[in-house]
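Labels for the chains are A, B, C and D, by order of writing; each one numbers its residues from 1.
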Amino acid sequence: MLHSFRELAENYSTIFFDAYGVLKNFEGVLDGALSVLGELKRGGKEIFIVTNDASRSPKKMSRTYLHEELGELFPEDRIISSGLLARDFLRAKVRERTVAYLGKQDSAYYIESAGLIAKPLSECLASDSIGALALLDDEGFDWQPDINRAINLLRQKTIPVVVANADKVYPVHGNAVAVAVGGIADLIESIPDTRFVRFGKPDAYLISYAFSRASALTPGLRRKDILMVGDSLDTDIRGGNKFGIDTVLVLSGNTAKASYQLTIDASGVIPDFICESIST
Amino acid sequence: MLHSFRELAENYSTIFFDAYGVLKNFEGVLDGALSVLGELKRGGKEIFIVTNDASRSPKKMSRTYLHEELGELFPEDRIISSGLLARDFLRAKVRERTVAYLGKQDSAYYIESAGLIAKPLSECLASDSIGALALLDDEGFDWQPDINRAINLLRQKTIPVVVANADKVYPVHGNAVAVAVGGIADLIESIPDTRFVRFGKPDAYLISYAFSRASALTPGLRRKDILMVGDSLDTDIRGGNKFGIDTVLVLSGNTAKASYQLTIDASGVIPDFICESIST
Amino acid sequence: MLHSFRELAENYSTIFFDAYGVLKNFEGVLDGALSVLGELKRGGKEIFIVTNDASRSPKKMSRTYLHEELGELFPEDRIISSGLLARDFLRAKVRERTVAYLGKQDSAYYIESAGLIAKPLSECLASDSIGALALLDDEGFDWQPDINRAINLLRQKTIPVVVANADKVYPVHGNAVAVAVGGIADLIESIPDTRFVRFGKPDAYLISYAFSRASALTPGLRRKDILMVGDSLDTDIRGGNKFGIDTVLVLSGNTAKASYQLTIDASGVIPDFICESIST
Amino acid sequence: MLHSFRELAENYSTIFFDAYGVLKNFEGVLDGALSVLGELKRGGKEIFIVTNDASRSPKKMSRTYLHEELGELFPEDRIISSGLLARDFLRAKVRERTVAYLGKQDSAYYIESAGLIAKPLSECLASDSIGALALLDDEGFDWQPDINRAINLLRQKTIPVVVANADKVYPVHGNAVAVAVGGIADLIESIPDTRFVRFGKPDAYLISYAFSRASALTPGLRRKDILMVGDSLDTDIRGGNKFGIDTVLVLSGNTAKASYQLTIDASGVIPDFICESIST
C-alpha cells in the first residue's frame, strides 16, 4: 500500500517539498532527510521548498538545510514562501508607504523587500497613513491588545489586509499544536466581516508561482514532471491536486499513520501516493 | 417613526432590559436611565436585566444601578445572566469536580456557585481531573498561551465546553470594540472542530429562563405582557422575537441612528418598535 | 459499556423520545418499540415525542404509534414538534395575514393553526401582502424555481423567515440520506445573508417547551426526573445536555454502532448513557 | 470620482473582461460594448474574456460578440473560462474514464475535451465506475433528486468533486438573481463535509492561467500592462487584486451605482478605478 519515496521520486524531474512535517519538525531536520535530499540533488533532480511559513526570509530558511558536502540544499531561490506572494501583492497594490503588521521582526522582511516601511501595529499612531495591514506570523506581538487594535483599525479605514500564511494551526511538539496566523486572521476578519487576501496552500496560486520559478530553470517543464510532497491533506495535497501535479502524502507529520485512510475518506482529498516518510 | 419609550412601556407589565448600550456604556449608567427605571418601578412595572455578561455575579451587577431613593433598582434575583444557564449546565452535567476556566476571577462565581472547583486553565496540570472547560470572559488570562492550552486540552480530552457569553464582540469606548469571549470560543472551537455549549441571546432559551423567573413573581404572566429592550438586532431583538415577545430597538448603543433601517433590512431581524433611548 | 434501556428508564418519571431513528425508520415503527412504550405507560411513565418533524400535525403523527391494547401511545398533546414553536412565533410576530411557505400541504397546519392563511410560495403574486416566509418541509415544491423565488422575495421584502425544522439532512432508506428543510434554509439564507428564525433541536428552547408541557401534567417535575432519548448527537443529545437533563444515545439510527465512540470524541458531545436501542 | 473607461484603457496593452454585467446581461450584449471592444482591437489592445461561466464551450461563447466589421471579437482562444481549469484538473487527476456531472449537456464539453466520458448523474448506475463528480451548471438537471443523489454518491465513494464555477448566485433579469452552481456546491459539500475543488474568480489561479495565455501572445508581458474589468467586487476585483494587476469596477452589473462606496467599505475589497461602464 505504502510506496517507497526514493523509488517514486525517480519518475519526476522536479520535486516540491513542504517543509514542516516533511523535512523537519520542532526538534530540527528529520533523521535521514538531508541524506535523501543530497541523493536527489546528486541524481540531477530540481528540488524546491513550497511553504506557508512567512516568519522569516527564504535566505534565513536556507540555513536550516545544510548538507555536509553539498552545503545549502535549498539556496534562497529554491524556497517559495507564501510570504513572497504577499510581498508581490503589497508592491502592486499598496498606495501609502507604511504597512502595519502583526508578526515577528523577521517576518517584516516580506514588507520591506517590497520597498515599503514595516511598522508593528502596536506602534502605529492614529495619525499614521497606513496603506495595508499584513498578518505575517502568530508570534512577536501581544494577542489581546493587538487583535483588538487590528479590528478597530479595520472599522475605521478601508485598507487591504494580507495574510501571508493561510494555515489555521501548526504542530509544535509531541502531539501539541498552536494557532497559526491564519487562525488569528479568521477571528479578525469575522468581526468587521471584510475579505482578506490570503496566500498559501491550498491555494493553487502558490503552486503556480513555484511552477513559474521551476520553469525558468527547466525550460519546457510539464506538470507531469513534478511531484508535490506534503504531510497535510488540507493544504499540500489539496493545492497540488488542484494545480494538476502528482501528490504524495508522507506520514511523518500532520497525518497519523493509524488513520490516514479515514482522514482521506472524511476529507475527500485524495493523494496520488502515500509514503511513510521521504527516507523510505 | 420613532416611539417614546415611556409611552410604549405603559402597555406592558414586565420589561426585560439588555444592560450594555441600553442602561449603561463604558462611562457608566446612561444619563436619565436611573430616573426612567425609577418611574417604571414606582408605576408597578416588573423590571429585569437579561444579559450575556458573565464577568461577575448578579449580586455585583446589582450595585451598578442605585437609585437615590429606591436603592438597588435590580436586586440580585432580577438580573438574569447567561452565566446562570452555564452554572445550571455545569451543575447538571459535569462529573469531575474541577472546572478549568478562562476569565477574570470574578467570573468564576458561575462555576463555584454550582458547587464545583474553579481553576484558571493556566494553573491546570496534566494530572488534574478536569470535568469541563468554561469560557467565561475575555479578560483575566493571557490570550496566546491560554488559547493554545485550551485547544490542546480539547485534543486530549473529550469534555464539555461551556461558553457563558455568546457575544463575539462588545463596545468599549468611542466607536471602538473588543473581542468578547464568544469570539475567542469561535476560534478555539474551529480547531478541534467540536461543539461547544453556548449560552446567551440570541438563544431564546435565556429569554425563556427569564420568563420562568418573571412568572414566579407574576402568576399568569403572558408573553404579550412583556417587552424586551435591546440595542443589538443580532442578539436582543432576535432572541426576543424568537421567544414571541414584543421587542424594541433602542439607538443608544450598537445600532447607529443614521443607518438602523439599512441594518434591519440587511439582517432581516425586525423589531416591533424603535426608540432613540429609554429616556425618550 | 452499553446500558439496558429498560433498566435505565426505571430511574425517570418522564421520558422524551426523538422519533426517527429511535421509534421508527423508513420502514415504519421499529421492532419491539410499541411493546417497550406500552410497558413504560403501564409502569406509569409519562412519555413524549420531541421532534424536529414539521411535515404534518401532531394529530396525524399520533396515528403512527398504535398499541394493540392501549391505543394511541402518544396522544396529540404528547407530541412536541418544532412546528409548534414556529406556529407560536408566527402567531406572535406576523403582521400580514398571508404566510408564504415551502413544504407539503400537510405542513401548512402550523401556519393555519396560528390563525393565518398559508399560501404555497409558487402561488404568491407580487401584489400579495406577505407577512412571513415559512420553510416547513423539503417535499411538496419544485426546488429550483421555488428556492430562487424565495431568494428573490427576500431581496425585495424585509419579512421574518421561520424554519420549522433545523435538520440539514435526514435518513431515508438503507444508508441513504436526503436534504432536509434546514439544509435548504442554509442555502437560501446565505444569499441575502439575513438571519432566519430556526426552531428545533439542538436548540434547548424546544426541550424547554417540552418541559413546560410535561410540568403541566406533573406538577413539581424536576429536570433530573427526565430522560432524553435520541439517535443523533448533534441534535437530540446536544439539546438535552444543554437543557441539563440526562441523555441517552441509542444506536438504532443516525449513529453507527461501529464508531459511536469516535463520533463522540470528534464532536465533543457526550451522552450520559448509551443503549443499543430502546428494546434492550 | 468616476473614470472614463476609454481613457483608462489607453494605459494598458492587455485587458481582461468579465462577461456578465460588463459586456452583456440577460437581454444580450450591452449597448455600445461591441463598438468599444472594436476600438480597442483596432488600437492594438489584446482583449480577453475571463469568466466563471462553464455552461458551454469557449467556441460557443465566441459567437456572442460579433462585430459588424471585425467579426468575432473574442476568438475561442481569447476566452478563459473556469471550465478550462476544471478540464485540466480532470485530465490530470481522474483515474476512471467516466465522470458524473450536474449541468446542461453543453457544459459536458469540459469533461469530454479532457478525453473522458461525461454522464449525467441521474443516469449513473450503482455499478458504474465513476472517477469524479463535476458540478458544471445550475441548469440541466432536476435539483431535488440530483442534489440528493450527489450527496449519497459522496457518502459511498471517495472521489474528487470539481466545481467549474465558484459563483454562488448570478443575475437574471431586472433585479432578480438565481442560485449558481457554486451555491449548489456549498449545499452538497456541507453534508458529507468534504473538500471540493473549486475553480474560478476570486481564485487568483484563474487570472494566473489567463496571464500565461496572454504572455504566450505578448512575450515579456508584465502584470502592470494588464487591466482587469469586472462588475463584482467579490470575484473580479478580489481575484485581480490578489494577482497584483490593476482592477476597475464597472457599475453596469452587480454593484449598484447608488451604493458602491458602501459596498467597498463593507467588503474591504478596493478596486484601483471605478467606471460607470465600458462605454464611458
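Descriptive notes on the structure:
By definition in this document, a residue touches a chain if its C-beta (ideal position, glycine included) is under 8 Å from a C-beta of that chain, and two chains touch if they have at least 3 such contacts.
In this text, all values refer to a predicted model and were calculated from it rather than measured experimentally.
Chain A and chain B touch with mostly matching residues; of the residue numbers seen at this interface, over half occur in both copies.
Counted by residue number, the contact pairs of C-D are over half the same as those of A-B, the matching pair from B-C, A-B or A-D.
Chain B and chain C, compared by their mean Cα positions, are separated by 28 Å. Averaged C-alpha coordinates give centres for chain A and chain B that are 40 Å from one another.
Separating the CA-averaged centres of chain A and chain C is a span of 45 Å. Not a single residue in chain D touches at least two other chains.
Within the complex formed with chain D, the residues of chain A that make contact are 88-89, 91-93, 154, 158-161, 192-197, 203-205, 208-209, 223-224, 234, 238, 241-245, 264-270, 272.
Against chain B, the residues of chain A that register as touching in their complex are 138, 142-144, 147-148, 151-152, 155-156, 168-169, 175-179, 183-184, 186-187, 190-191.
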